[in-house]
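Chains: A, B, C and D, in written order; residue numbering restarts at 1 for each.
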Amino acid sequence: MSNPSSGDADSSPAADYTVDELMTATLARCLSDGDQITNGISSFMAVCAIELARRTHAPDLVWIAGGSGLDPLDPRMTDSTFEWPIWQHSSMYFELSAQFWDYVANPRFLSTFFVGAAQIDAHGNTNLSVIGDFHHPRARLPGTAGLADMSALDKRLIYWVPDHSRRTLVERVDFRSGAGYLDGDGERERLGIGGGPELVVTNLAVFDFTPISQRLRLRSVHHGIDLETVLAATGFEPVVDGPVGITPPPSVREVTLLRTVVDPQGLRSRGVRQPREKA
Amino acid sequence: MSNPSSGDADSSPAADYTVDELMTATLARCLSDGDQITNGISSFMAVCAIELARRTHAPDLVWIAGGSGLDPLDPRMTDSTFEWPIWQHSSMYFELSAQFWDYVANPRFLSTFFVGAAQIDAHGNTNLSVIGDFHHPRARLPGTAGLADMSALDKRLIYWVPDHSRRTLVERVDFRSGAGYLDGDGERERLGIGGGPELVVTNLAVFDFTPISQRLRLRSVHHGIDLETVLAATGFEPVVDGPVGITPPPSVREVTLLRTVVDPQGLRSRGVRQPREKA
Amino acid sequence: MKEKLTSLEDALRLVRDDDVVGLQAGPTQCAPMELVRGLIRDGRQNLHVVTLSGGLALDWLAAAGCLSRCTFAAVTMEHYGLAQCFRQGVESGRISAEELSETALFARLGAAARGLPFLPTRGMIGTDLLQVGNPNLAVIADPFGGMPVVACRALPLDVALLHAARADRFGNVGIDAGPRYPTIGVMPRAAARVIVTVEEIVSTDVLRENPDRTILPGFAVDAVVLAPHGAHPTSMFPAYDYDADLFEQWVACSSDAAATREFLNSYVRVDPAGYRAAIGPDRLARLERAMTR
Amino acid sequence: MKEKLTSLEDALRLVRDDDVVGLQAGPTQCAPMELVRGLIRDGRQNLHVVTLSGGLALDWLAAAGCLSRCTFAAVTMEHYGLAQCFRQGVESGRISAEELSETALFARLGAAARGLPFLPTRGMIGTDLLQVGNPNLAVIADPFGGMPVVACRALPLDVALLHAARADRFGNVGIDAGPRYPTIGVMPRAAARVIVTVEEIVSTDVLRENPDRTILPGFAVDAVVLAPHGAHPTSMFPAYDYDADLFEQWVACSSDAAATREFLNSYVRVDPAGYRAAIGPDRLARLERAMTR
């Protein structure tokens, strides 16, 4: 399992790839051999990125599939990312959630999380709880699940946004289900929380965070997307403090692995809005 | 296992019995069908009492043998009361100590404990820690183990004392490893601790506790022991507030079960000082 | 050991109106659905349900009007989207919502289980979950001079509802090699009464073959009910998969009041025999076959 | 997955002078004795050992002068009486003793494991363990108005030493059906470094057959050492019994300085091959046979 599996070993950039493949490869590259990672519900892209990293540059990556199955053999993608097909051939079972948190809460383990959320704001705070007032919500969302914990526990957070829009990327979230950099300028650190959001990978662009103000900073736009499209689709003004590059494309090998081995059904593209090419 | 096993069903008082058999039967009678109980290390008499109760009046008694094996089949007495022969055929294994305490700390479960200690005092406090000063002890004893917990957790405590003497029954313990009634007069209740010591079964006599002052009160002396012997062997003045009876003897059936089924090796008598008969 | 095996009817009597009910459940995983249907059939009112991440069970209870309050880390149907009836209940104010992080929920249950007034977590710090006036959370100082923690007040349950693989008549509950389902460890210990439905009743000797797979001792269980496919339509690893068809059928109708009523009458307000007939043996067999090891 | 299998020598280098060392041990049960002998052979100094209820291992470490401090709920040889060398070390002031209740010890380790500054217990209230100036215990109020609790300060370990049935080369550690030994759950998570000796090295596929019996994930383990009979003379259920003869031999000499030195030289300050030769294969085989299932 820990050996890179078969597939085209061509590391040259792919000419033909979809935005979900680009996003997945970008996420995969955030993981290294020494990481331990897990995945929550509704996390196809994260699971594909983990499996892609295991099969390419990070064969020693540790994965607790669905919060319960350690290092599963040949996980099968199905409609759920929290069901038995992904963890049926594991080397250890954790008590779902309970024992799992015993490891997550430990600063030595599971330092990286992939996070999806209904809203992300300019300081990387996230909302999975409510739109409107908490006690009288216009929309009751699923709830924070593990996000309120992992975002407060010194972890490195990598966000994926399948639908980059003024609705999902907002100046301030309606409710902070997950702590990003709060109001920035070191507020997170002053509360004694280490780690924090590191990268935001959307279907249009990639952001990181400025060091002092701790706001989203545009790092690259995807091939075929122009800067104006990104800015128009963002509900706040992201920092643009230098030349904005093009997001490095996935390699031929990464695309081939995704299409033929990791996720032949294409579940990773669920919910991903395909951006229109510019004219 | 839950059926009373074979053995002489004669419930008439035994004419021929040893003091360890008397003590064991007295302890066994403290247990009822609804109890859940466990045993610690060096607890032959407690284990024999539990097994005797299971085989006589309390077939539904729950026993976590050695803090780890639930309801073992035909436990085998060996030199240790915390090793595999007593828990090898169990219906559930607890994580030794850790998970076990999850149940003990719950007020619904395991309400009764048998306790042995190096010293017991006039208010039922117990010492397993040091003789002399804690930081510069004359004698370093094994340590409190589970006693500091179970004595503070609303449990009913039943003490057994195999060697009733002015050394083991003292006015005030050198160190309170276990909470009895502290200084009495409701101090235990004021600290919010329920339960408490209920009975002290020694090789000479049986004590309970007075309701207000919460001091040891002589309830009965064993057959052949006179009151003066008990008082002379006790390092404080126990309350004697009425006629002192003779400890009810074990039944023929109890003695037979102990000798032939529960503990044919006689491990229950370890450390029990046989009292001298009076002339 | 005391007999704990009983009928579904008698077991359901252990759940009363206004109870705080712990419900083992994941979005699609192993909820005690036969008990949930029973509560709805019996018209239980005003329940406060505590769940880590329940989905369908919460939506059914909300749809049937049994639910007045919910303490949860998530209520979700995962890939089937929001639990619409639950969501509408909260948005309309009929259901009050106490949202907690997962460590906070475990801390509240763990404190109740261990007779402690609270347990601390470092989760939730920086989030708005600490800003909504939840009286069960309090940020307190570390007496040793370290960082403050969030004290999470003990949440005692009146009753816990679970589903598992097997039990003996005395309430000892066994599982197969697999993950232990969320909250199965702590919920029963936090509860005054515990009801477990199981796929099969076995002799204690069967449990003695793998005593480390006994996850609940009989003394902590009040009622055991035989309920084959008792988790359906949620999944029960490694016995059967969740029933995607029934999930889809529910999701398709759960935003419409009339369709919801009809679904509840056809699939929920029916007794176990009626339910199994409505689902059909072929479908149950297919869900068992789906889980090839 | 990363290779964790290493030699005893390399593993022992992960333990340094002055370390806080977590030691899995019961009075006669399953201590990592091959590691303990290695520490003594290597002359490790000034160790602060944390144990729930260790016996022989503590006595050997005390006898060899490796021990300067011990945090424990009990140090006992059960039916073999007191651990005489440990006891003398404490009475003479050479070893400082931090005595805790079992829930307090688990709370201190649990807090360290979960990155919390403390965990509370209701144990010890009313006892003198709260009256000896232990700076790691503090009675604090319940912010919700209930009874006060004893906050137990996190006790991070530099290194944890464990023995178990089997592991793969990647540090995934498996056990047999049986009780999990004291502190095997929490100690490794409370430690910065983890060393596990095992009876056998197996392929990961063997662990995959019973993944619920994997009790430690490889990512939490730093070194795995093959050490057949590595718990001897303590017991290893269901593989072998404790060695009553060696316990008795130690107890008979441990109150006499010269006899103690001689014992240490014969049985402790020897390498694994020398140790097995000193014990003899017949005796090891007899201890295996003793444990009939």
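To be clear about the criterion, a contact is a pair of C-beta atoms (placed from the backbone, for glycine too) under 8 Å apart; a residue touches a chain by one contact, two chains touch by 3 or more.
This is a predicted model, so every value here is computed, not measured.
Visitor: Moving only between chains that touch, what is the shortest number of steps from chain A to chain B?
Guide: 2
Visitor: If you tally the C-beta contacts for A-D and for B-D, which one comes out higher?
Guide: B-D is joined by more C-beta pairs in contact.
Visitor: Using mean Cα positions as chain centres, tell me which chain lies farthest from chain A.
Guide: B
Visitor: With chain centres taken as the means of their Cα atoms, state the distance from chain C to chain D in Å.
Guide: 38
Visitor: State, to the nearest whole Å, the distance from the C-alpha centre of chain A to the C-alpha centre of chain C.
Guide: 29
Visitor: By the touch rule stated above, which residues of chain C touch at least two different other chains?
Guide: Correct list: 115-116, 121-122, 147, 177-180, 211-212.
Visitor: Among the residues of chain A, which are close enough to touch at least two other chains?
Guide: Correct list: 69, 93, 101, 105, 153.
Visitor: Quick one: do these chains touch in a line, a ring, a star, all-to-all (complete), or other?
Guide: Contact pattern: none of line, ring, star or complete.
Visitor: Using the contact rule from the top, write out all pairs of chains that touch.
Guide: By the stated definition, chains touch in these pairs: A-C, A-D, B-C, B-D, C-D.
Visitor: Going by the contact rule set out above, which residues of chain C touch chain A in the complex?
Guide: Against chain A, the touching part of chain C is residues 26-29, 52-53, 72-76, 78-79, 82, 86-87, 90-91, 93, 97, 99-104, 106, 121-129, 132, 147-148, 177-186, 235, 237-238, 241-242, 244, 291, 293.
Visitor: Write out the stretch or stretches of chain A touching chain C in their complex.
Guide: Touch residues, chain A against chain C: 41-42, 68-69, 79-84, 87-88, 93-99, 101, 105, 128-129, 134-149, 151-153, 175-179, 182, 187-188, 191-193, 270.
Visitor: Can you check the complex and tell me which residues of chain A touch chain D?
Guide: 1-2, 33, 36, 60, 62, 64, 69-71, 73, 89-93, 101-103, 105-109, 153-154
Visitor: Please output the residues of chain D touching chain A within their complex, sorted ascending.
Guide: 1-2, 113-116, 168, 170, 172, 189, 192, 204, 207-208, 211-212, 214-215, 217-220
Visitor: For a test of understanding, state which residues of chain C touch chain D in their complex under the given definition.
Guide: So the residues of chain C in touch with chain D come to 115-122, 136, 138, 140, 142-144, 146-147, 149, 151, 153-154, 177-180, 210-213.
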